[in-house]
Every structure is written in structure tokens, then in C-alpha cells.
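Per-chain residue numbering starts at 1, and chain names A, B, C, D, E, F, G and H are given in the order in which the chains are listed.
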């Protein structure tokens, strides 16, 4: 924002050189893009609701370290996804320096630090098979980092539905369910037939032959005969955690 | 459920022929599918959260009439999607007999009757272009029927973002946003950069050439660089309305 | 097969003009394709297990009439699929002339005549939704025509699984199950988790948006987490009926 | 299942505090999911017809060892697919401890132990080319493990059909045929024209250029002009073995 | 824009109640979206470079009439694409009232009115086959409407390249070439080998079998071995005309 | 080619005004595109080997009439594909005026006139099913028009291979085989296993479900396990006829 | 073929034990598959026109050695594709033992031995870019091995057509052209516009982005605006060589 | 061109042995391809506008060295893309010998040498995310090499639009914008709504799940609701640089 220009206008108003009507017109015709940029930037988390996150996959270890340091400096908070153990070692050392506790989730590669101690509401994450665990963990860690209480129910295959009954208490308490499944992606439909909670379906790239890298599960979920199931991108546990937290927050 | 069998067990307990432990075992080993069917059926809306809906498209008018009559009889409520004007005439007559007021949304073909007078919370539905209006209307009518207060903002194209600013009050009030867009499906990303509300993206089949019947918008939305946007099936305004209502309900 | 040629050789052997070794050579060097054609043709049903069938869709009414007449003449049996009411009128008249009773299934357009009175074994056909009925009917009519006893269970959606429990007796009696479903195609997986019978899954082209004309259901079924589910082409009720009958026959 | 609650009801019936009708009502309205879970779990193999199987691909060796040990403990039976030689060494040692004989199929990586000594009926598996052997072997080993007698016929290419004639005896004896083929996937159609047995087609990912990882063979098989051919997922020899066994069992 | 709020601030500055620094801060923190909307709106053509256009396809005739009237009122200019003859009659009458000359291109359905009399620079549009003419005409009409001089060269198939030589003068004069082709989409590559002008390739949906509605031509053009060929959406003559004009304008 | 210009140069050489070296330079620097165009045009058939053809589909009847007239005028020959009966009436009248005999093939819509009376060599066209007849007829008519002797063998399905044996004489005589098939597209492979003649496979769009408009047959043919089978576009009988004729010509 | 059985029948005829009619019936009902298998097998090359070939890719070196040895034993001829240098060393040693000269083509990995010294006719192979050379070489080596004279023209890109003019003599002499190209696959169309020879187009998997592993070139070639171009599978130089040889043979 | 032949004709004309008409005929029937080839070849850069470029990816280091040496020899200029550091070492040494300065761009692997010192006009390249930098760099380096002044604006995500405002001066100065983006590919639409400059959109293969290797971004860009955006192949920074330069040149 061109502070000088506005200051000039304001000074002219103050001194009486320019009347209010003309000053108003001047301000109105400043291209909107000139205004408030810095402000907007400062309010980034506010607008998005989500602090910046580092996707470690494909980034060099030294680069991750630099960004992580800058984020810890700025906000004392840190969420990294798809990080290797080596990255965690670096980041952990960094966190110790900042006196922030870091936590590493090995299967999904999530690192989090500076997360809210108090968790609110309840997000339940249902996981169809053992191969879906990394995505489930990413969703759970993300929602937890953002401040939601989370519970995961593992191994709820369509051919082993009785496991879901064991988790009845969790399902009743949850404000929102995230259902993670690969292969034929039928689990969200089946769960959707048993509950009135909002369901976020996450297809995984797990499968053989025509699983098509998760497209089969994705399309199956989009075509669920149970109305009102929303779908995330394939393997997008992070996105599911973000959305689940946003929904959970509403009732908290 | 085989009432006779359980009655027998209970009678045996009563008469002392069978002790409680053995009776418990007997009941426990009854295949679960024998129990509670009718109950379950009676509780259908409770479980799903959503009453039954008639998709009029592809159904014969006389069949719709019969189902609608039975639904009015049972619950006094009615939601029909993709209905023609002719279907509405029939259904309206039916509703008059049941002394229920019916409402018809011409662009989406939604008919609703017996809807809750009191609307709670707030669902905002953003519509990218004029061709996206039918899907927008279906989402809005559905959420409204289920009991949510709704507001639509029309013509919020990516190349005309200033319109969204005009609707600032609506966006602030809403608990959840549904964004309906065809073509390149960029609107949810742009809106997602401005708000921290949960966003439900609905791709529409609007477009030319490689819009691929909405697949282009669908995939673009799934790949949004803004985290936490959930996606519905192409043109699935009904599903978006259901989910938006479920989420809205949480904060109400 | 060139009977004359072989007869000549045989006569020459008989008369001593040709010795056995030379005759053997002659026969051996007759290209195998010259032998047995007529026989093979007569044994067509024997080899395939299935008599010829007329796919009425896309054929002209007069042509269907001619083929049907020739089939009735030859075998007294007739199976036509995707036939209109008009075609049935013609064929029915034809059947009356041949004193064979014809039956018409309106939803699938199947016409059958000269079918075996006695039905053996048991084929169960499960139908997910009302839009899947035509394909279900085609499967059922085909298996019945070929000599299997059939029972259909309608409206067994994934979100209404209790209906399947009502049909417990049918499922227990059946030698093979055919499960017909569109949309997300999850029903075969769910049924597969409850039974040890062979399952033939039939995807239908029912659905909206990304149902992709049945491809979504097809791929979901191929990727079932329940092992041993076989899949037919989209909407191929006829094929499912044929296979179900062949399997059913094994135990009869 | 909430034993306490039912026990209470039963005790009340016993003591006369609650009459049978009311007790029945109470039981009927217990959500069905509260009942019989353990039972169901104990009957898992009964319901599915197939014991649990370990897909070794993508699992860590130590994890496989743990699961295998638990399965041997529970049932004395073991089926593992896609296992490396190293995995077999571990599992073999384990089997020796349990005094169960383990067998390893190198091309498919199948390990089986505790399989039924007596094989019944007959499953024939036809293999189109040398690259289709691993999938063929997986199908054969699976059906054999489950208790079917199996025979494989190798190298039955469409351009070398005479090989099938050599195996005439096998084809006649078999109750069901599994046909494994890659490339253009034409073999099931050709075999289907020669037999009335149920055919399970298994496309393989073998091929170049537009074989599309087996999709070409898959679609060709789904579109066979011979009615009643069922198709498994690409490279799914295990599933084909399961289904072939289920069908074979019917006639045994 | 919330004029009142800014006026208040300005008045406070004028009256000395608020000093310049604080007023500056207040203005800076006004969300940028509150400012300048109307201005932006008035400058729409300036920003986009292109006035609004009516896509007539799928719109009702009466609606087109209303929008056209409003556009003529505002700017005296009008561009409509995919319009029927009936629409042209209506629009022509409208234009007569506004004393603007309207022109109708029958093959593409383009209507233009109020176009710049003076054309600048030169846009050449090459058309591969007779079926590509509608798209060619749309591109040509659009560029012409916006103020570019245009020349089309028809029937320049890959198998009839000599025609392009006849148009040598046109190619030399043009600042930019738009090449419209369906089927295998090879023409842009061939033209690209003969010129150093910017080339805009437009695939058309013309073709049979695997032309895939223009996808084959689209992908071929994207993969041209001649570097620097840009591609438009299938059949998007309008877009090609807009871009060609924008590029042409640069040298004019 | 600008004859005048070259004539000028030649005259100057003749008259001695220009010496040979300068004339040579002039000719050499004439952009090659200025030379020989007309010549080339006159030699069009010579270069391509195929006279121009009218694809009637999508063209207006009056336009076809004009082009046909011009072609008859120029060459006395005419080949039209996908023509309706109405078009044939017009063209037939035209041919009578030119005293050329016209022939109409109703199933494929081919019209030919002025075709070579003498047919050479032999092209065999094999047709898999009744729905493949139009494409077969188009291939046969085209090859015949160009001067090849043709024979078609109908109804050679993979499940009815014996029919091919009946046509043994035709197959032996043919120089090249064109095999037309839809559905799973297996026929070319099977025929390819029996002959050493060049095979041109033509997939048709015949089929249901996953025939994908002929793509399944196309890909199956491209992946044939028999080496050396070439594939045409879906339903491209005309192209197959052209190529078959070109190959046949080589041996004639 | 069961000689004994036929001999028995013949002897019975000779001795008068069986009359001709009954013998004829017996022979007629022998399944045709019992006859002539050995004969057929001996005539394999005759039927297919092509001796067996070893695709080395994916085969173990020791296995290749065994098969190669057996082929050299049987026919003294050998064609291997996609072979590594190591494989060639082994095979070369083998060939020396059989006193057959072996030749290795490094770019395509073709090994040939025992090839016909005399080459007939002429096959020209045009290669679009340097990345297309391996496929080109495979086609050339194959056709040469089978007995065709071959000439390759390299680097004939669409943007460098003048190179084709240099090879005019080759094109005139050739009986058939094979055109190998990746990227947009336009070369066959351009060459097709200049010649009346049969053209076999071979798409290669060369390219970036949307070349889709050669599918773009494949579809472009199938949609060529020049009639009568046949297409091979992606990268299938071997198949192109086989077909080119078969066609070339016709004129030789 | 066969100079001798034409000289002969000219001499014959001069000497009167051949008259002008016959000479004209002779010249006219010289295939046009005999003329002007060398000239054309010399003018290669002139025709294409772009000197030859070496795509290093997939080429052997020694081959690149040879081609680079030859190019330096001929033109003193060099552009290599996708080169490793090792390749750069070799090429740099080569350049030193030729006394040409070489420059290496590490992220994209571009090497350039002998580039024009003076840059004209202005090309702006906008980069959506950090993963899009290599493609951005390739576009920028290419345009710069060809003689355009370039400016890149990094990290202009749809969710961080304010960064674009900071680069306002660059956008205003630029003659053409290249927008590089992966994921949902929305950036070109948003930028397109703010400027009237020609926009070249470059999709990148950056993304997860259904980004489909860049196809999602590609299709989104093709379907932009802003008219006149042209699209390059996925990751084709080189092509974008070429086209941007060609357009920029027009105004320079």
C-alpha cells in the first residue's frame, strides 16, 4: 500500500486544502490492490483459518530446516507432512532450541510442534485397512494440531463391519467423521447408513489392478447412495484433518 | 426378528426352566440380523439424519405420485428433485389434500412440502455463473427444507471477484459455504483464500470442449491449493445441501 | 464336412482299391477344418451350453420376426432381450402358431418361449435400487429360461441393509448370488461379507455425474475387498443369468 | 453387546417385575449392533467361506512373521501371497515349530501351510503365455489350498489353439475353468466357444504400448461375444482361485 | 465501499479529532475488498481488454434480447456467439433501434454490432477442412470485432499443403496465425515449420472414431515438435480470436 | 506455378537477353512453393493413389450435389460414403446425365459411379457379426471402386469359427485380409493364427457397457499376440478398403 | 490325432465288419480337435508366415539361452528383440557352435541369426526423430531378417520435410513405407500426402507432458486425414517389420 | 535441386534445340521437391524463428558434447534444456574454447551460450508455487536467450494473490505474461481477470492424487472463464519461452 499517497491526501484534508468529498473520491479511485496488502499478510491465519504447513516430500532437508526455523520464530507453531526421520532429527533439534515440544508420527511422516494443549470437540477417523493407516494418521495429527480432540478406529473393513459397533461410543461423541478407505471405497457409504454426522471421505491409493491409484475409490465415494458425503483428493489426509477441524470447531 | 424364539426364551426364564446366564447366551448367539429390523426401519431418519427423497428424473409421473402420497401419509414431509412442472401439478394437488403447502423451484425442479417453518444457523451458497444456477438452487432448497437458513450469492466468477465483496455480510454470518462452479472450477480456491469457514465445492457439468462434463472442474477442486475443501459429485446440489445442513446444524 | 470325399475314401478301402495306411494318410491330411463342421453346428448348444439368443435392440422388427420363426422351427425355444412391446406382439403371434407359450418381461424387454417347465437348484438375484430393476429382471429371466429356479430380492441398498436380512431364507437356499448395483457399486462387497456363496456382480449404468455410465460401479466391484467376486460387463443381466445358471447347474 | 442390560431385563423377567411382552419390546429396540459381535467374529470363516490371507507385498518382513505366527496359532492354516524367498524362510521356520508343512510357489510368491490333504472336484486353469504364469500359479495355489483339485494348462495362446485340444481330458473333468491372459485378452472368448463350463477370466498386466497395464485385456474380456464369462480384477489370481473353489465346491 | 466510514475518518482528520497517522492506520486496516468496487466495475473492459460477450447457446431467446439491449444501451457494442437466425432477427431489430449496424455469420452463429470500422494489423486464420469452417469463422469474426484486420485461408489440409503457398502474401503480412484443425491436428506443426510468427492452434471436434471429440487433435497440437505453439480449448474460435487480437494489437 | 514467369525467363534465355547462369539462379531462387502447384493438383490422384471422396455425413444434400457434379465433370468417377437414400436419388440423376452407372450400398450408404469394370487381385473382408456389416460393406465397396476384386465372409464370430473354414478358398486366393469386428475384437488374432496374409483389422463401435464406442476392440487389436496386424480407426471401413486395395495392387 | 482309432475304423470297413455309412458317422463325430494337430504344429511357420521370436525383455538370461538353443537346433534361424549386450554374448557363442552368423543391433537390442542372405523387394522405414531410432531399427531388422530389402531414412521431422525429398529414390523403389514417429504423430499424414504406397504408421512413446506414453501419436495416426494409413501398437517396431515384409513379399 | 538438369534445359532453350513451351513443360514436371532445398536448409532459423535446441534429457553426455560443438561451430549460439551439472562442465569447457560465455540454470538445467547481450521488450513470468520454479526458470531462460527482457514473479498462489499486487510495475511493463501453475491451475484465470495482456498458461506436473501428472491443471487452464488464454503442454517451459518471445518481439 502506497502509504505516502494516502498520507498526502489525509494531510491535505487536515490542512483544508482538499475537502472531504474530493478526498473520498481520491481514495475510492485508488486501485484496490494498492491497499492493505501488509495487513492482509499479517492476518493470513485469520483469513485461511490454517497456519502455513510444510509439505516435506520433494523438498531438500536443508530448505525444510530454514523454513521451519522461520515458522517457529514467527509463530512458535509448526506442522510438517511427509517428513523422513532425518528431517525430524533436524527439526527436533530446532524445536529444542525454541523450547517447543515436537512430535513425530512415523507412518505418515507428520511432525508437529507448538500444538494447542487443550483439545476441543471430537473428530473420529475411521480407517478401512492397514494400508490406509498413513493417511488416517495424517488426518488425525492435523486435526489434533489445529486443536480438535481426535479418535481413530482402525481396520473397519466392509467385510468386518462389527468392529465399528465396538466403537459406538466414539461415533456418538464425534461431531464429524472422516472415513479413509482404498480399494472399492465402500466404507463411507456403509458408515453413512448408520449415522447422521457429517462424513468426509478420503480415498487412498491402496489397491491392485484397476484401483487406478485411488481413482476407483474416489469415484465410488463421489457416487455414494448416501446423500451428503464430501470427498477429499486421493491420500489427502492433511486436507481431511483441516476440514474435520473446521467443522468440529463449529460445535465446540 | 424372530419374535417367537425370543418370547420362548423369555417365557423359559420367567418359568425358571432356563437360568439367566443361559438365556443371555442364547440371545447373544442369535445372528444379529434377526433382531431389531422393524425398529431400525422406524428409526431410519434418525440414523441417516435425512428423510427419504424422490429423484423424479427417469421416474414415471404416476409412480412419483404414488410414492409422494405414501410419504405425505407417513411423515407429512416431501422433497422431490428434478421434477417437471407436470409432476408439480400432481404433487401440489396431493399436498392440498394433506393440507401441506408445496413449493416448486423451477430451475432445479425441486418440490418441497411440509418443511420446517423455522430455519436455523446459516448456509451460504455461492454460484459462479448463470449456468450454475440450477445446481445452486437445488443445494439451497435442500438445505432450507432440512431446516437451515440459506443465502445465495450469484455470478461470483473468478473474473468478477468484486461481487463476493458485496456479500461480505452473508459470508461472515454463514457457518458453512457451498461453492458451485463449472468450467475451470477455480472459484472454491479463490473463496478459500478469503475465509476460514468449511467449504463444500460442487462442480457442475457446465462448459465446452475439454470441460469433460464437469470432470475438469471436479479434479481442479480436488486439487485446490487451499487445504480443507471437500468436493461433491458433479451437479450434486442435493448432496451439497444435505452436507451443508448437517454441518450448519452443529453450530446451531 | 465333405461327406462325399470321406465316403469315397471309405468305399475305396472297402473295395480294397486303397489300403488302410494310405486311407489314414488321406484322412489325416484333410485339413481339420473340413471335418465335423455340420456336427459341430448341430451340437452348438452342447458346446456353448446356451442356445442362440436374439438381442432385439437395434434390429428391425421384421428381421427379428424372421430369426425368431427360424429358431422356433428348429428348437421350439426362444429367448429375446431388449424387445419392445411391438416386437412381443409379433413374436407372441408366432409362438401361438407353434403352440408354444411366450412370456414378456416389460422392464427388461425379455421375451421367452419354450422354456423348461421344471426349474432346478436356486439362483438369487439381489437388486440395489429401483433403477437396477431392468438388469435384475434380465438376469432372472435368463437364468429361469435356462432351467434355474430364481428368486429376486429388491431394494437392498447399502444404506438399507436390513432388507437383506428379511431374505435370509432365500440367501441360504441359493447356490449362487447375482448382485446388481449402480452408483458406487458397494453392495457386492457388503453381501460378500455375509455369505460364502459364489457372487456375480453386475454393475449398472445408473447414476449421475462421475458414475461414468457404470464404470465407477464396475471398477469398485473389481476392487472389492472381499475375495472371489466376479464381475460382468455393465448392464449385462443376460450374461449374469447365463453364468449363474451354469454355476447353479453344477450343484443340481 | 451390552450384556449387563440384557441380563437386567432377563432378571426382571425372572423375578416377574417385567412381563414377557415388555421384555420382548425392550430387546427388540436394542440397536442390533449391540448383539452378537463376538459370535460373529468367531464365525468369520463360516460367513466369508475363506480364512484370512496375508498379502505380503508392501508389508515388512517382521510384521508378516507376527501375523503368520498368530494365524498358525489360531487355525494351523496359512496362505500368503506375493511373498519373497526371505519371507518364506521365516515362515517355514515358524511352520516347522507348529509342525505344519509349508509349501512355496516361487513364481507367484504364494506360501501355503496346513492345507487340506484331500482335494475335491476339479478346477482347470488355462494360461495364455509365459508371462501369465505367476497369476496362473497364484490362482492354482489358492484353489488348491482351499481344497480343490487343480490342473493347469500352459501356453494356450490364441495363435496356438491346438494346445488346448491336448488338454481335452482336463477340460472335460473340470467343473469350472479359469482363463488367465494378457495382451488382447481373447483366450476366454475362444475357450468359451468350445465348452459349457463356467469361465472365470483373469486379465493380466502383461503387454506393451496400449495394453494399458491390463485394462485392454480386462475390457476385452468384459465384452466377450460368448455369454456368461465373469471377469476378475487385473492380475487377481488369488480372487480367481477363491471363486473357482467356491464354484467347484458346489458340485463336489 | 463503505463511503460513510471513510467520510467519517476524513471528517475526523479535518476537524483534528484524529491525527494523520491514526487515520492512515484506520484506512490501511479496512479490508481491501471494501474499496473501489464500483471503479473496478467501470473499468472492466480496461482490465480484461475484452468487452462482455453473450454465448447464445443454451440461453433462451428472450433472455438474450434483454442482455443485448442492455449492452447496446451501455456501450453501443455487441458480440454474440452461437446464435440462431431467429436470435439474429431479434437482435437486428434491436440494433436498428440503436442505429447500429449488425452483421450475422451464419456458419458460426456470430452476431456483431458496433464494431470498430478501422481494422489494424493483421491476423491470419488457417482452416484445415470444410468442417472446421464454423470455428474459423468465429475466430475471424471475434478478432475483427475487436479491431484486427483478418484474412482466412481455407482448406489447407496436410494432404494439400500447396494451398498454403497460394496464401504466401497473407502469411507474410500477418502478425499472428491461428490454425484451426480437427482429426489428427497436424496442420499447426506443418505451418509452424514454415514461419516464425506466433501460432495459436485451435483443435476442433471434427472427426470419427478415436477423434474423441477433439481430444486427439488437442493432444497432438500440445505435443507439436515445433516449439512455441499455443493451444486453445476444443472448438474455441472465440478465444482464439481474442488472443490473436491481443497479440496483433502489440505490433499495431 | 506461375507459368508466365518461367516462360518469360525461358524466352529471355532464348533471346539471349539473360544468360544461362542468371536464369538458373532465378529459377533456383523462386520459392519452391511457387512452382508446380497446378501440376501437383492435376497429379493429385497420382500422388495419393486415391481420387477425392465425399463424406456425405454432416454435409447438406445440395452441397453434395454440387461437389458430385464437379467430380463427375472432371473425372467421370465418384465415391460417396455415408449417403442417405435421398442423396442417392440426386446423385443417380446426375450420373444418368453423365451417362455413368451409379450403384448404392444401402447398409453403409456408399455410392459409387464410374468405377473400373475390371477388378484385379483379391481382397477378402471378414465380418464378425451382423452389426459389423455396414463397416464391412464400406470397406468392400471402396476396394472394389478402386479396382480390386473383393469377397466378403459374413458372421465369422470367435464363437463360430467353423464359418471361416467354409471360406477356405476365398482366404487362399486373397492377397490381403480385412477383418471387421466389434465387442472384444478377438477375431483378427484368431484369423492371424491361421494365415500368413497381411491383415488389416477394423474395430467397430458395436457393443454394450465397456465396449467404449469401439475403443475396447481397437486396443485389443493393437495388442494382438499375432505379430503384424495393422489397425484402422474405429468404423473406418473406407480407410481399410483403400489400404487393402493398395496392398492388393502390389501383387496384381 | 488318434491314428489308432481311425485305423481301426478303416480296418473294420475293409473287413466288412462296419459298413461305409456307419464308418462315416463315426468319423464325422470324432471331435475335430482330435485330427491333424501334429500336422498343424509342423506347419506352424507356414500358417503364421513368421517363425517364433523371443522377446528378451523381462526374461532371464539363462531362459533365453535355452530357448535360443532349441530354436537354432530346430530351424537354424533366430530372432530376438529387446536383448541386452550380455544376452548377445551368450547367443553369439551359441550361434558359433551352430556355425550360424549372429548380428546385434545395439539401439533396439535385436539379435538375428540364420537370416536369408538374399533380400527381395524393398521396405522403406522413415524415422521422425532421434528418439524414434530404436523402434525404427527394430522394424528394419525384423523385415530384413524375414527376407525383405530395407532402407531407413532418418530425422524426417514435420518441421524438416526437405529431408524426405533427398530420399526420393528410396521412396520410389519401396513397395511399402513404415513411418515411425512420436510426439504429435503427424509424419505419416504428411508422407501420405506425397505417395500412393501403403503406409504402416508406428507411434512411439517418445514425448513429454501429454504425449501420454505414445497414445497421442497413436490417436493422431488413427485419425489421419490421408485415407488408408494403418497403425501398429506403440513402439511395436517388430510388428511393423513383420507386416511390411508380408506386404513387400506380395510384389516380389 | 538438380542444377545440372535445369542448366541443360536452359542451354537447350538458348541453343534453340528445345522450344519454350517444351522447356516449360519439362520444368513444370520436375517434382517441386527438387527445387530450393539447400536454400531452405540455409534459412532454417529464418523460417522457424528459433535456432536448434538440444533436449539433454535421455541423451548420452558424449552425444550432447558432439552436437553442442557442431552448433557452436556453426552459429556460436547454444541452448540446452534439462542438462545435468556434468553436462554443463563439458559444455562450459567447449564454450571457453569458442570464447563464448556459458550460463547454467541449476533448477531447470538450462545451459545457454552466445545469447544476445541486448534484451528487448518485456516478458513477465508468474510462478504459482515453489515446485513450479524449474518450469518457470526454463521459460525465462529461453525467452532471455532469444533476446527478450524477462522478469519472474514467484509464489503468486491463488490463496496469496496480494503478491501479484506487489509486482504491479512488472505486469504493466510486460508485453506478454506467462503463468506457470500446477495443482488446480487456477492462477491464469485469476490473473486474466486483472490484465488485458496476452497470457500463455503453462500447467506443471506438480500435485498429488488426482493432479494426474498435470492434466488437471491443463484442462482447468483450457476451460478458463477468461477468454483468450493459450495453453502449452505440461511442464513445457521451453515452448512458453519461445512463444512469449515471439509475441514480445512484435511490439519491440
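In the analysis below, a contact is a pair of C-beta atoms (placed from the backbone, for glycine too) under 8 Å apart; a residue touches a chain by one contact, two chains touch by 3 or more.
The structure displayed is predicted, hence computed values, not measured ones.
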Contacts common to subunit B and subunit H (chain labels): A, E
Third chains touching both subunit F and subunit A: C, D, E, H
E-H, A-C or F-G - pair sharing over half of the B-H contact pairs: A-C
Pair with more cross-chain C-beta pairs in contact, given F-H and E-F: F-H
Of all other chains, the one whose Cα centre sits farthest from subunit B: G
From subunit C, the most remote chain by mean C-alpha position: H
Proportion of interface numbers common to subunit D and subunit G (over half same, under half different): different
Between subunit C and subunit H, centroid-to-centroid distance (C-alpha), Å: 59
Rounded Å distance between subunit B and subunit D, as computed from the means of their C-alpha atoms: 39
Between subunit G and subunit A, distance of the C-alpha-averaged centres to the nearest whole Å: 56
For subunit D, residues that touch 2 or more chains besides their own: 33, 37, 40, 48, 159, 192-193, 208-210, 215, 218, 222-223, 226, 233-234, 236
In contact (per the touch rule at the top): chain pairs: A-B, A-C, A-D, A-E, A-H, B-C, B-D, B-E, B-H, C-D, C-F, C-G, D-F, D-G, E-F, E-G, E-H, F-G, F-H, G-H
Interface residues, subunit B side, partner subunit E - complex: 131, 159, 162, 164-166, 168, 208-210
Interface residues, subunit A side, partner subunit B - complex: 46-50, 53, 175-176, 192-198, 200, 218, 222-223, 226-234, 236, 238-239, 242-243, 245-248, 250-251
Footprint of subunit B on subunit H - complex, ascending: 128-129, 157-161, 183-186, 189-190, 192-193, 207-212, 215-217, 219-226
Touch list for subunit C against partner subunit F, complex: 31, 33-34, 37, 40-41, 48, 58, 203, 205, 214-215, 218, 233-236
In the complex with subunit F, residue positions of subunit H that touch it: 1, 3, 6-7, 10-11, 13-14, 16, 20, 23-24, 27-33, 35-37, 39-40
